[in-house]
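Note that chain A is present in both complexes that follow, paired respectively with chain B and with chain C.
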Partner chain A sequence: MSGHILELHQVRKHFRNFTLSDINFTLPKGYIMGLVGPNGAGKSTTIKSIMNTVDIDSGSIRVLGKDTKKNEAAVKSTIGYVSDTCIFGDTWTVKNVAFLMKHIHPSWNSTTFNDYVKEFELPWNKPLKDFSRGMKLKLMLAAALSRDTSFLLLDEPTGGLDPVMRDRFLQLMQQYVEGGEHSILFSTHITTDLEKIADYITFIHGGNMIFTGETEELRSSFCLIKGSDRELKELKAEPVGIRRSSFGFEALMRTEHIRSLPHTVVVEAPTLDDIVVFHTLGNKESSLL
Partner chain B sequence: MRVIISNSAGLPIYTQIKNQIKDAVLTGEFKEGDALPSIRKLAAELRVSVITTTKAYSELEDEGFISAVQGKGYFVTLNKERIREEYLYKIEHQLLEAIEFAKAAGITREELLETMSFLMREEDL
Partner chain C sequence: MNAIKNCLLVDLMSVMSKKSLLLFVALLLFYTYLQSGPIMIILPFMFAFFPFVNEDKGVTALYFSPSGKKDVVRARYLYCMLLLLATLLISAVAVPVMTAVTDKDLQLMNPSEYLFLFAAFTTMMAILLPFYFKYGYAKCQYSMIAVVFGVGILGMTIRKIPWLSKALQHLATLDQTLVSEIAAGAAAVMLLVSLAVSTSIVVKKDI
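Then we have the complex of A and B:
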């Protein structure tokens, strides 16, 4: 078997007004990958395709070498899934969840779950409809971490968590992959924490894959430049994205164009946020000249 | 050992980790034969990606500061030859910069050598 936990090959899904097309990436064992992009880019569709709750039109998805469509039950038992909406019923309590999970999953560990419930300060007997988004997330996370899985699939897991819990979340993620056998794919638009702990990034925009590879490689493929309108006119290469103000401009360029830049512009290393934002802004404004 | 990662240092995180481990070796805080934390342990501790710490260790290995023992992890191994080579390279690099400065300011060869030997005497070299 390959050393890959997850393989997506030419995945395509067409909706009436949105198409996810040609998504290709692999995630090796023991690593964390972040799926980034603005809202509506196709992050959730990609994740739901892996869970087979979105039926893809073409292409294939393999988890631990197994096709997700042909081996749905076997594949799902190896995945710890945290969705963007709560998968448990509104009238349920934490107690009900614990009872159900114990009977569904042979590898369920009640002690681990109890410890997380205590640590996350979740009430045992309150109906989930009275839970905040952050509390529901914590519950799903606790459930995902309380059984044997080889792969965590998390859709926007840090949204709704306070900074303290976000920090604890990152620590839990790193502990999960520490042994080198488990992997994590998580989607997010909060890229600041992700930037540090993600080994790989897959960046999608408008249903298309812009980049997949090592985080550092993504950051070094682009540079952020800042300058005046006069310098903007001297640009020989088209920027990826541009933002203009009455004081000048900021633009994201591919690093290969760095030599052709006017010497006077300020060149900086972009953050992941910059990369996502400038791709979304686009370069329409540069043609207004 | 102390490793501090700065977001404003302008250096890639793996370079920051590498430099600090190097310093710990050079100041003798890490001795020959000392075990280093595993790549994955270090990543988890520092809240950085596994690829980042892998890169730091592999460069330290290339530069002769540490070496991997199959199945046991990484250890400090002072490869004196390699370290000497690296320092010689650094010295050449910085001397070259000094020569460039001298050229730019019209400082003569004699003046430069004079400064050099004065400084060496001061430092007891």
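Then we have the complex of A and C:
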């Protein structure tokens, strides 16, 4: 077996108005990968494909070397899943969730779950319909972390969390991968979270994979340039994305073109946010004028 | 088998609130008291689609638990049949108990009547479940009424076709035990075909 927890090979899924095409990436053991991209890019479809709740048209997905379609139940038992929407019933309570988990997961650890419920201040007997979005996320996180999994699959998990809880969440994620045997795939819009913890990034846009690799490699593949309208006209290479304002322009360029840039433009290292935003803008010269 | 047990547990949790269980038992006792045996078949119908209601509301815990999509389908069929079994068992226990505590002399149904109830419920489930798996509860909630109307229209049509009407009348003169056994057998075969159809629907379905 390879040292990869997750392997996606040529994954394709066609919907009426959207196609996820040729997604290829691998996630090694002991690392955290961020899945980034604008809304509708295909992040959730990719995650659901891994959970086999979306039936892919072609390609293959392997978790710990096992095909997710052929070994669905075995694969799911190794994955802890947290999504942005609650997968439990509205009328259920934390007690009901604990009861269910205890019976369906042989590796369930009630003590760990009780500790998380206490730490996250979740009420045991309140129906989930009275929980805030953040509380539901905490519950799903507690449930995912209270059993023996090899891999956490997180679909927009930090959206409903306050800054204190988000910080604790990132700490928990780092603890999870510490031993080198566990990995995390984590989709989010809040790329600042990823900059803190992600070792790898996979960037999807319009159903196509733009990049997959180490976070630093992604950031160093691009540069952010700022300049005047005159300097914009002097650009020899096509920017990945561009935004114009009354002060001039900002553009995301591939680093390989850095030598051809006018000497007067300001060159900065882009954030992950910049990379996602400028790819989404494209070179249509989006204007803030 | 473990995966099916997991799925069954999630489905049962969708009806395991105290209110719904009390409603189930109260209605069952009420029907038993009225001595309206066949009418109590409504009860498993009422509860059979609860898991689909929850799925419409986004309760997808089942699909993220260590079970395959095929297990989800098998467990849902099993859940429906267990509902029928529970109804018949509670009713069989309730009749002697209620006879003892009330002044009514309630009668248990005979085995043929049980088999006819099984055939009716199983046939309806065999027809409806693939639609519920394909379209969800919201789009299918009136399908049961459509099936009931369909059966009514079919009955009226049969009455107007002389040879079919005669055949039915002849059926009524036959040994009812044998007829009920054939009906139950045919319904069981329909259920197996329906299970295969539902499985192929769910395996290709995006949740």
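FYI, the second predicted complex is superposed on the first by the 285 of 289 C-alpha atoms of A that agree within 3 Å, B and C clash if a C-alpha of one lies under 4 Å from a C-alpha of the other, contacts with A are read in each partner's own complex, and residues count from 1 in each chain.
To be clear about the criterion, contacts are C-beta pairs under 8 Å (C-beta built on N, C-alpha and C of every residue); 3 or more make two chains touch, one makes a residue touch a chain.
As the structure is a computational prediction, the values presented were derived from the model and not from experiment.
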>> Both complexes share chain A, so when I overlay them there, do chain B and chain C fit or clash?
In response: fit
> Does the superposition put A:Q175 against chain B (first), chain C (second), both, or neither?
Replying inline: first
>> I'd like to know which partner A:A198 touches here: chain B for first, chain C for second, both or neither.
In response: first
>> Is A:W92 touching anything from chain B or chain C once the two structures are fitted on A? First, second, both or neither.
In response: second
> When the two structures are overlaid on chain A, which partner does A:Q10 contact: first (chain B), second (chain C), both, or neither?
Replying inline: neither
>> Contacts for A:S58 in the overlay, against chain B (first) and chain C (second): which applies, first, second, both or neither?
In response: neither
> Which partner, once the models are overlaid, touches more of chain A's residues, chain C or chain B?
Replying inline: C
> After lining up the shared chain so the two structures overlap, which partner does A:N24 touch, if you call chain B first and chain C second: first, second, both or neither?
Replying inline: neither
> Is A:S110 in contact with chain B, with chain C, with both, or with neither (first, second, both, neither)?
Replying inline: neither
>> Going by the contact rule set out at the top, does A:Y81 touch chain B (first), chain C (second), both, or neither?
In response: second
>> After the superposition on A, what does A:T264 contact: first (chain B), second (chain C), both or neither?
In response: neither
> Between chain B and chain C, what minimal C-alpha to C-alpha distance in angstrom results from the superposition?
Replying inline: 28
> What residues of chain B sit close enough to touch chain A in their complex?
Replying inline: 10, 12-14, 40-41, 43-44, 47-52, 55
> Which part of chain C faces chain A closely enough to touch in the complex?
Replying inline: 3, 6, 9-10, 13-14, 17, 54, 57-61, 63-69, 71, 203-207
> So in the complex, which bits of chain A are touching chain B?
Replying inline: 30-32, 170-171, 174-175, 177-180, 196-200, 214-216, 269
>> Which residues of chain A touch chain C once you look at their complex with the stated criterion?
In response: 48, 51-55, 72-74, 76-77, 81, 85-92, 96, 100, 103-105
